[in-house]
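Data block below; observations after.
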């Protein structure tokens, strides 16, 4: 006789401890993302979904995370993220639900002299957390920029080393914020933005602009932090700048992390 | 005439904001690690070093991080880590210094039937932070185990799916703790440890043991948390379990994070 | 006076050696792919584009690779790939052009008992090479399957270790072939396919099926090779099977590579 | 009654096809490597071991690969690699044996002005193949250098973009060759070597040297190929240069591959 489909997950935990998060991780999913310019863009995300699990239960029901995604609209916006979190709470009988989506996000970049337009990728992350009825969101973007070293420029008879530098902004927000707004702040923070398509006159302009505006990782991280401090919508942030030094086989990096409680009550 | 060697780092920051951490990242370094059994073992680490930087200074002096490493003994122990942190504070005129070392760490594993011995790798991280004169340490280990699914075992007429599962423990410690002690807790937390070298009689025993002890990721994370709760030396910990499911192309995962303030005053 | 836009790439090479390939690498690009079921699917690819460069020229013109992509339709099919290769030959004045696209490709998988449908990702690569007027294509897919160890099953009083195993097929084809056809061959080659969404009755069936069909990496690689040998369209192939052993912290792997010249003349 | 230890691997293959390579992959192993300056250096390698398997056998015996490593001296030289290959042929009853070791390799680099010395890492690979009694070796090194763009330098009123560029040399050799010899060729091929420790006077010199010697990826790949062409010991090589462009979010790359049959008969 065949065995029955016993629900072993529903038995009490052998070790009676609450679990903060349990769920599925690194699931790849094609979806659409709300896009400031175009309305929607297609991308492929890596998705983590989890809920809390009290000590009364040995296991969660992993298939329900997939079922929640299956019945979800697969268009990532604040509204749809909230729906997904509520559905997870409901389907998994959970107090707390957490989701994160990591994906390449594309924005058209225009070359500074010839005006050539081409899409460039930025790594982005959108996280949502529902604790009871309290909802919170965290956004992250990683943005490549060019940095020209101020020290090398000041002391060398010719030239200065430059490199590709990644600016990561992670921000807890009070209400809706475009990924584009964070990306824009990062793009302006180095010696120059980087571009996908540059004709010769563009390359000349990018080089000259960058050498007119040398920046250490310290300058970059401060440039971003100053902008974020001014945004009432951002309660907490972490800015990480990592520069793939062209004169070394290691990176230079700088971090500013900040929480501003006074923004909690600003409208 | 050649330019002079202006110390542009020493000028005031354009944007007057303090920086939490600035330094070098992803430097590869061969070194020795304190080893419970053998005294010392050789490995290769990826090293991050940083200090805080007040708004009075535009930049830190990156070469001094390398100089601190160059004059350091390159044998990683609690004493040597403390020396390195003090030297960074001193050389960089900093209030706060932070270092982290990530490296493969090897321990001999003995197969359960034939007693064959071979070294197996565990990814480890040692972090030290010096804030004024206050020193804190964080250890991390990632340990592979085997998990046999209790649900699959309960409902299937034959077999049950099993997989490689990674158990990560990150722990803030009050005083010295061996990496070996954390690794041992993790190795016991799944259905069976994994081994580098298994003869046929070992494979039989590992399989049978694992199938006598089926575990969900939820069981594994709780097994580890229970052990860590009992250690007075561990103030804060985070246990992450990720199972590379053999029936899916995604992972199952579970997390328990805990801070126990009452341990602060225990001796 | 500002410098002019000298075309330094067009000067002769300092070292007079021909270059096999020069171009751009690791560009991220959103695009659509020809899909057997749905017509088209959206994904994000990593793109490499290159041409040969004779010793008469110091450098190629990198921006033209981007211009070729900018004017390309961004729907990946054999026809569109051919157009892109011809355009690269033309724009770069090259004899040889080479492109490759690496991307996650999604197919709906249906669970074996409850019939639940959900998309699962497969890593895919499409390469095209144009040498003069001679065109050749290479396809690659990486497909996860489940393997149950025949040895462990034969010798253990209960259970057998199983794991996620990746089957990679790289194939040089004479004419059009669907990625789906290669994926299907790989999915059948192990003890069981893997699935995104499995209800309890599905998990039971997958487990039982897999334990009725134990396979070594050696079995899997041979199962795939036998199928590819029968396809006249495939001139050369390489099958790589890597199994993330659940009893070890290392993999088992097997490779069969084969070129069948007799297929050249078959229609 | 407990099951016996049946040798299921020794039964005939279900699908009668020869397998080119079967074995273990991605095993981490601490070892020592022959070092031109110091005699020996410690590192950690990722090891693949395989043999061929004829259609008469269903499976190979995976534990014997570990046993071969266990009884091996763990000091990597040409002599010891040959011993390991012979032992694999013997233990696995194989005609062909193949091993590869991938590891970070460290060489002291001296800064160009102040003469500061510090170790820098290079990724290296040593492969050995024994076919019957015929032995062949392949070496690979990946070496970071700095490149200053000749085009950007020629057309910009100030500055030029520079970046970290990786030079990979893969070479099939007739007889012993030091990794150091390949690394040295690569280090000289760009605008400047990169260094771990640079004081301000060093940074000035590196910058000025690099800007006096601008190089495209095309120049770098040709510089290396010219040197390799002159070495009678190298039968076949592939040089790959990838530049992490500081003005783009993608790379520029160039490849030269060459086989010189006339070197086969040179002594």
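General observations
Order of writing sets the chain letters: A, B, C and D. Residues in each chain are counted from 1.
The rule is short, and it goes like this: a contact is a pair of C-beta atoms (placed from the backbone, for glycine too) under 8 Å apart; a residue touches a chain by one contact, two chains touch by 3 or more.
Since this is a predicted model, take the numbers as computed values, not measurements.
The two sequence copies chain A and chain C touch through a face in which the numbers common to both exceed half of the numbers used overall.
Seen from the C-alpha centroid of chain C, the farthest chain centroid is that of B. Averaged C-alpha coordinates give centres for chain A and chain C that are 28 Å from one another. Taking each chain's centre as the mean of its C-alpha atoms, chain C lies 24 Å from chain D.
Within chain D, residues 3, 5, 27-28, 121, 151, 155-157, 196, 198, 200, 204, 249-250 each touch two or more of the remaining chains. Partner chain D is touched in their complex by these residues of chain A: 120-121, 144, 146-149, 151-153, 155-164, 192, 194-196, 198, 200, 203-204, 206-208, 210-212, 244-250. Considering their complex, residues 2-6, 8-9, 13-15, 17-28, 48, 50, 53, 58-60, 62, 150-151, 154-157, 216-219, 221-223, 225-226, 229, 242, 249-257 of chain C touch chain D. Chain contact summary for the complex, chain A toward chain C: residues 3, 5, 7, 27-30, 41-44, 63, 66-67, 69-70, 104, 106, 116-119, 121, 196-201, 204.
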